[in-house]
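You will see two complexes here that share subunit A, one where it goes with subunit B and one where it goes with subunit C.
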Partner chain A sequence: MFLIKKSEVLKLAEELSKTYAVYGPVVEKESNQTFFVRPDSIGDIDLDAPIPSQPPKHTVFPQIERIFHYSYDKGAKRAEIIADFKPEPKALFGLRSCDLNGVQCLDRFFIGQEFTDDVYLEHRKKTFIVTNTCVKPFKQCFCVCTDSGPSAREGYDLNMTDLGDEYLVEAGSDRGKALAEKMGLKKAGSGHLEAKKAVVDGSISRFESIATDNKAWISRVMNRITTGFIKGEIWEYIGNQCFECGACTFVCPSCSCFNIEDVNRKDSSTDRLRSWDSCSFEGYTRMAGDHNPRKPVEDRRNKRFFCKLSYSQSKKYLRPGCVGCGRCQWVCPGDIGLPNVVTYIRREITSR
Partner chain B sequence: MNYKAGVCNFCGTGCGHILNVEGGAVNGVFALQGHPVSKGRLCVRGWHMHELLRDSQRIDSPMIKKNGRFEKAGYDEAISLVAKKLGEYKNPSSEIAFLASPRSSNEDGYLLMKLARSVFKTNNISLDSESGHRNSLNVLHRGTGMAGMLGSLEDIKKAEYILVIGTDLTRQNPIIGSEIHMAARAGSKVVTVGSKLTQIAKLSDVHLQLKPGSKKVFLAAVAKSLIEENLHDAEFIQKHTEGFDGFANSLGSLSHNDISSITGLGLEDIKTVARDLATAKTAMVFFTSGISGLDEDTVSYIYNLFVIAGKIGKEGCGVNPVTGICNLQGGYDMGLAPDLLTGFRPISDKSAAKSFSDAWGAGFPDEPGRGVYEMLADKSSGLKALVVVDHDESIVRQAEAIKKLDFVVYVGSFENPFAEYADVVIPSAAYVEYDGTYTSTDRRVQLSRKKTEPAEGVMPAWRIFTGIAEKASARWSYSSPADVMAEIAKLTPSYSGISYDRFSGVGGIQWPCDGRRPEGTRYFRVDDAASKIKLAGVTGSFKTMRPSGEYPWLLMVGKANHFWHQNNLMKRTFIPKREYNATLLLYPKGYVEISGDDAKKLQVRDRWPVNIVSQYGSMKVAVRVSDEVRSETAFVPYFIQDMITEFLLAHNELIIEQGEDAIIPIRIEKV
Partner chain C sequence: MCEKGNCENTNRAVTIPEIATIDEIKDEIEDVKTFYLSFDDKKLDGSFRIKSGQFIMCTVFGAGEFAVSLPPSPENDRFHISVRKVGKVTDALHELTAGDKVGIRGPFGNGFPFDEIKGKNVVYVAGGIGLIPLRSSIVHVLQHREDFGRIILLYGARSPKDLMYEYMIEKWQKIDGFETFISIDNPVDGWKGEVGFVNQLIEKANVPAENTVAFVCGPPVMFNNVIRDLMARGLKDDSIISTLERHMKCGIGKCQHCAIGRTLVCTDGPVYTYRQIKTLGEQI
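On to the complex of A and B.
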């Protein structure tokens, strides 16, 4: 455990920028909207900014990415596949705890199971993560309901907590510790850990008054979703409100569905692209012969919430798929973000 | 910072988005939270804008057809050839025509209009896919002087009562559909009137599933009921409007029996609409106003109903046509019509026409021109040369007429089957590659700034048009789109307060924006009108197609939920292409939607072929069993190129005449 003066905290990012492409929360000036991006200069990183409007998953799983390209030489009858993905080493600086949990879900999906996704692995193994404890929640947050905040518990290299004049910097890995030592950061004592606990407790207690947009008491709903005891009409009610835009998936820190598209280029080679996809689309589950196990929209909605909230899916992620960031509620044209869905299901439970 | 705020360029809603620009390419898109209309939402199309903008099927060099084959050429050569050839026609009023694009920016549209009129002396200029919105604008302009949406998309939540007429807004303009849905959740009463059980119908408090082709009768019936029950806003009518008595009298011919038998609705349903509309403090009506919008008479009834209910001219109220293409509204604002100058002023307005010829230093014909499609259809039009801007493949339907033309020019960004018919092809930059303003359906003028560089040497359209004008010896001296907007503002009262330095932040400016209203105008106010509000003239004719013993089904013809503008743009994306093509994969040659009961009666299942027979012809098509249509009504999507059949072309006039509410009495036979 170390300490760094608040006025000097960006020096950590400066130091990281010598080895990594540093990404951090930056407020875009024209729209006043927070993005998790490479800043034009490190000084643009704003650790007090609201959680970024889009989750940082694009740093390890871009919205669109070439995973390889291939060409066929007719004369020589030779096909060549070149997998030239070489993501640069990245440091994610000032990641919120919910978003780290999202990255961990992605880890479990792409590299934590039977198959390893080489492209994701390449992104991920070069990632240095510095998290930032939320000293107060934002309006749409509900990470306390999904056990994913307000402070990160594991999976970071460094975790920072604003204690007022200085940040407590906890090392979560050897390279994190090495960096702190190399920077000559002051050692912190147990009193600082208590101060952090007070900050985190304070943050949790303020959910009641600040995080008023969403509440998602999800444990009971998890039980229901896992056991399937939810009336068809509830899913239908939810499905009728789905505009099938895919937004909830795109803004979800833990959603990993993707599509593969081969695009022919003018030089007669072909790019194989991977792009974000969503289970809310009918075409996502359509199979050859036009069979579709999830044709009606409510079945697709049902699937999404199964993915986020069921116990069987949580076993894969080692945590609930929902990380409580509240972004899906922001972007949903149908007003069926996860917190609302949880409310509808709870309403059904309590109305019996 | 690689995220840059901008305006989504698909439909007429005008949502804000933010594009991820890396290494000169658009690699992602995100919703813009601070946008006053979209408030951080996008639809399935908007979420895949980057896929379109990455499309590599771009035209990369000017081409000139020599001996039947295209050869690459320089801009100078291509532009000179266009200027020279178009300058040679002796009777430009009949020999030259320009087909403008509702996707062009205001600046590009304005310069094309100026090029046609002041340089090549023809008023034959029209927008592709125009008809529906023009009908709406005609009615609103004659009545209020404002040729645009009377309300504002920002104010949807302020409407206590919302009437949605016809097409499924949740598919065509999803974010407007979303705003209506949110308003319903917040307590507004939403009523959808349409023959199909669409998503917006499901999300409404009430869905009045009337018989196809009877919207006009329904609207007239509501107006009649309003007056009979003395619920019309007499004070408002007396103080601010004229023409009430004439309209009230015209409703007399409508009997209660007719109303029920034509619409299939109970009188009580109609009375409830009238009562709710009258008692709500604020109310809005939405109807789509694009390629297959409503006919002018039906729009007139919508408008009159809201005028007599006193539901225009106030905040939270309005008659709101919804455009399907990003700059369809702006296209009309820029005078892209044979009879219009900018700001919807008729060419017959001598003083307006003079202000243009004075400013341009060049005159143009006094007589209105003709629309391009009309000229192509008329074998004796004398048309010889045609300039087409930007992608729209519907013109390919006129291929035979176009092949006969002497000289055809295509200006556009993407490779397009139409370009094959051209003698000269000139590539233009895509919309993110230069500055331009776009006017969305609620008169919101928004600046889309340059975000990436065009391919080497590729010019934006405004430069191309300027180049052609200068080769034809006109002296145009624009150095940027901002200069063009300055000229538009000078010549267009409703745009007079708009300039590029006014655009800061997001959300744009809603016209009219002038000295009196420097911040723009969110909604039409009674005192905005120069004179009293006029009720629209109506035909008073309620004849509708009726089923008969021989043809007992009513076939609706219209937009399909799964398509959007013939998929011209969607097929360049990945995900929307997959989603939008799903229906095509299932029904490669189109389909007819019928109810489950009818399918049982006919003893057919989904995707089985049937014959559809009308008075004019027949076609074989697959069945799509659907809960969206009622028994004895059927639905066929039309104007989707891949699905169009000769059958519908045989009914073309019938369809164009009836607009969105087009119906054909048919019978269906099992094959």
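On to the complex of A and C.
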């Protein structure tokens, strides 16, 4: 445990930028929205900025990326596959706890199953993570319901907590500790840990009612979704409000479905690209020959909430698939963000 | 990245395809061709192991990749795939000629049971090109004829010219105790076999209910009728086995396109018992 003066906290990011491409929360002037991006200058990183509009998932799982390329000379019957995939090392600076949990969902899903996703692993091997405790929740947050905040518990290299004049810096890995020591940070004592606890408790006491109301209900709803005890009409009601825009998927820190496409270039070589996809799209399950086993939109919506809120899916993430960031609630034009879905199901349970 | 991907655990190509050559192409029925393949990396020809019921991801260079079941037996059989033209990528495959290259990833999927069903009667029920994914198991079981009870093939197609692998069936029929019942939907001149839907053959063949496993593969309508009649005959839902098809992109349980119920066809399937299929809660 270490301490760093508030005015000097970005020096950590400066130091990291010698080895890594540093990403952090930056407030865009025109829109006043926060984005988790690589800033022009480290000084643009704003640790007090609200939760980024988009999760940092693009840093470890880009929206579109080339996984390899090839060329085929039909005349000479020669195929050449060039596997030169090499992502750059990245440091994620000032990640919120919910988003760290999102990355951990992706880790367990992509790396911790029967097969390892080499592409994702390659990104992750080179990621340094510095989290930032939320000293106050934002309007749409409900990480307290999904056990993913407001302070990170594990999975970071360094975790920072704003204690007023200084940040408490906890090391979660050897390389995190090494960095703090190299920077000559002051050691913190047990009093600082107590101060952190007070900050976190204060944060927890300030969540909006959408979070506090749903808190006790999430596990009930998870139970219902897992056991399939939810009436078809409820899914239909939810499905009918979906515009199939895919926004919820793209802003979700733990959504990871992707598409693979071979795209031919002008020089007659071909790129194999993978890009984000969404289970809300009608073409998602359509097979060659046009047979589509999953047609009605409620079938598809039901799938997303099953992914976020069922025990069977939690087995893959070792936690619920929803990390309580509230972004889908923010962006959904149909008003069926996850907290609302919990509310609908909860109403159904209580109306019996 | 490890060159082929995941090579610590397995020697199969997971992310980066292996290059293979089309040695020979055989026209099967309309719109279906068989492609005999061999790996350019000769080491793989010996070490590429498959299980009946598994599938591979096949890249047609410049067009894309598709999932396809493996018809060859895991033992002593030539490596090949039989593919129907159904879309952009398979159309492009059909344009290729002997000598052309393709890319192969896999094999993936769980595969049909083999050791578990030794000592039992085995019934194959196929409709149309549904015989393609069953071919591997049929050949394998026939290679070990003495380990099984009755071996029965019930096969139906729209017309005689829609019967897959007819030349193979003739060969299998010479094997002692291999029973075949073949039907076409509507009578045509010169047809000496059965006429009607394939589920009607179940009674004709006097399919035994005890100690029997059935492998069923074909279009959804046929599937439902066959299941109904097999169950009516007394087969248990966990001794009826099928293989499912889904839109697939990665083959390794990551892209999630093939999610069905709480399972993924690529890693939990493609082979399911009917008991499992019933719990998926989705259209097959």
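Going forward, the second predicted complex is superposed on the first by the 334 of 352 C-alpha atoms of A that agree within 3 Å, B and C clash if a C-alpha of one lies under 4 Å from a C-alpha of the other, contacts with A are read in each partner's own complex, and residues count from 1 in each chain.
Heads up, the rule we're going with is that a residue touches a chain if its C-beta (ideal position, glycine included) is under 8 Å from a C-beta of that chain, and two chains touch if they have at least 3 such contacts.
Everything numeric in this text was worked out from a predicted model, so none of it was measured.
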In the superposed model built on subunit A, check whether subunit B and subunit C fit or clash. fit
Would you check which partner chain A:113 touches, where first means subunit B only, second means subunit C only, and both and neither mean what they say? second
Is A:14 in contact with subunit B, with subunit C, with both, or with neither (first, second, both, neither)? neither
Given the touch rule stated above, what does A:147 touch, subunit B (first), subunit C (second), both, or neither? neither
To make sure I follow: the centres are taken over C-alpha atoms, the vertex is subunit A, the ends are subunit B and subunit C. What is that angle to the nearest 10 degrees? 80
Classify the contacts of A:250 with the two partner chains as first (subunit B alone), second (subunit C alone), both, or neither. first
Looking at A:348 after the superposition, I want to know if it touches subunit B, subunit C, both of them or none. Which is it: first, second, both, neither? neither
Answer with first, second, both or neither: which of subunit B and subunit C does A:261 touch in the superposed model? both
Based on the superposed arrangement, let me know which partner A:44 touches: subunit B (first), subunit C (second), both, or neither? first
Considering only the touch criterion stated at the top, classify A:31 as touching first (subunit B), second (subunit C), both, or neither. first
Touched partner set for A:213, first subunit B, second subunit C, both or neither: neither
After the superposition, pull out the minimum Cα separation from subunit B to subunit C in whole angstrom, please. 9
Contact residues of subunit A, present in both the subunit B and the subunit C interface: 259, 261, 264, 277, 286
Applying the document's contact rule, which stretches of subunit A touch subunit B when the two form their complex? 26, 28, 30-33, 35, 37-40, 44, 53-54, 58, 62-64, 240-241, 243-247, 250, 259, 261, 263-266, 273, 275, 277-278, 281-283, 286, 290, 330-335
Touching subunit C in the complex: which residues of subunit A? 67-68, 70, 72, 74, 77-79, 81, 83, 85-86, 109-110, 113-119, 122, 228, 256-262, 264, 270, 272, 274, 277, 279, 284-289, 293-294, 299, 303, 306, 310, 312-313
Subunit A-facing residues of subunit B, complex: 1-3, 5, 16, 18, 20, 27-34, 40-44, 46-47, 50-51, 54, 56, 170, 174-175, 177-178, 181-182, 185, 199, 202-203, 504-506, 574-575, 578-579, 582, 585-586
Touching residues (chain side subunit C, partner subunit A) in the complex: 1-3, 5-6, 14-17, 19, 21, 59, 61-66, 86-90, 99-101, 103, 245-247, 249-250, 252-257, 259-260, 262, 267, 281-284
